[in-house]
């Protein structure tokens, strides 16, 4: 199983601490972590997962694998710019969003569009009026709850 | 100048009427219209633009140009699925969002991420707390106002 | 109908003259010209088509529409790097290759893979042994013959 | 280090045996194997690598991770169709081509275009006249030699 963690490339210490704990829990539960491979939330989640012995994949916007943060074991340089956001959520069975700005919002939107579960930790709240499908972000109150929900929903 | 109109592939008559008028005004002002090339808001905007003699481009998710609605003069079949949403807003100088579900939200998010002006007609309202940059959706109250703002901001 | 002309971004005067004549003929026959939007063969073909009053589309690798050569009427900035090569041939009904290096070869290969006719003018010759399908590059001896074949095969 | 093995989705037993041995050697040398994740050469290489305990990544054209062959440990569903070929070679430090039809040729061309070493085993032979750069496919005579060359050139 592959769990995506999405969030900003620059993030507060608090959000990074949450993301790191999400990454740890993803690894503890035996899932592969996939992120955008850069800094902030992506780096924190990868660090957490790697410290627990998990596999970490980073889907990079540029063409150089060295752009990846040091905790990405498998950097996938795509050269596709923002379109790499689509790949992250397509490849994942479920998505955990931690904080996040517009790049993260695009990932959340793509994930919901294709029916992937999205669990949110201090992230965007989306008005239901435009969500024709029933899918929406599911708020979690802790990193462990977020990962539990992601894995439970991914298994369904 | 290229103006994108984004919105759902299935939309209410009211939203389609707005989108058609947006398309008309884009053409009247001499801009090229770019959409996702399918139905609903995309078809209505293309119809409006074509009826005013404008050029209409449709960036399609599939591989068959025949997927385009009849008012797309230049269908660009990408075969890239949802990643075509990134192309629509990258190619445009400004974006007008009419209504919209998650696919539209992804386009809005990608546009704001790369600094393209986004004008909204009855579309998503995005909380400012996550928008680190000052960019956000600018609400318009009529199709003509939307296009005027899109073109004014695109020219800056 | 959309005809792609593919070839190097830097090309000899002789190849550019061929490409320009190909572009002219595409426009004379009422087809839309699609290229990669940059220099060399792409610019020459676009110039020829525009001088005959045709519509010229350029699918750009970068994010800036200003990267397009001056004869591209509709620049589509994709931000997808080399992946834009796939879009060019997917969007076209047939492909004319003029000279060409590795980028052109990738376009030829993608086109043959998805069953699009490829007409060649002084371009790659591909060994049949690996072409499991019957498709291969069809050599033309003049720009006008190339476009005639492209349009005839695209119509089939 | 990441080594790509590219080749047809349906291939002869002989080519599959070569690909499997290439995969084995990639894993023995401690490199990550990346392929297109489907059948034929891709499956054989992945099987070889997995049997030696290596990590296998499959970059899939579709949206379903289950499209991957059983020896892909980390399936990356892109939903981008043929454009996934660009990702495979962009992500790799070097490419080994085993046999191959047009899809493989597109991967070889993209790799040479961006300056990645390409080692060939019974694959396309490309005329030098169009290869403006000095890069071209380097023929290998055995799977082990192919991987040795790939890793040596990737390290440079």
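We call the chains A, B, C and D, going by the order they appear; numbering starts again at 1 in every chain.
By definition in this document, contacts are C-beta pairs under 8 Å (C-beta built on N, C-alpha and C of every residue); 3 or more make two chains touch, one makes a residue touch a chain.
Being a predicted model, the structure only gives us computed values, none of them experimental.
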item: Chain whose Cα centroid lies at the greatest distance from that of chain A; value: C
item: Selected interface, A-B versus A-C, where C-beta contact pairs are more numerous; value: A-B
item: Between chain A and chain B, centroid-to-centroid distance (C-alpha), Å; value: 28
item: Centroid spacing, where centroids are CA-atom means, of chain A and chain C in whole angstrom; value: 39
item: Residue numbers of chain C (touch at least two other chains); value: 63, 79-83, 86-87, 90, 114
item: Partner chain B, residues of chain C touching it in the complex; value: 2, 32, 34, 55, 57, 59, 63, 65, 74-80, 83, 86-87, 90-91, 93, 114
item: Residue ranges of chain B in contact with chain A within the complex; value: 8, 10, 80-83, 85-87, 90, 99-106, 108-110, 112-114, 123-127, 130-133, 135
item: Of all residues in chain C, those that touch chain A in their complex; value: 63, 79-83
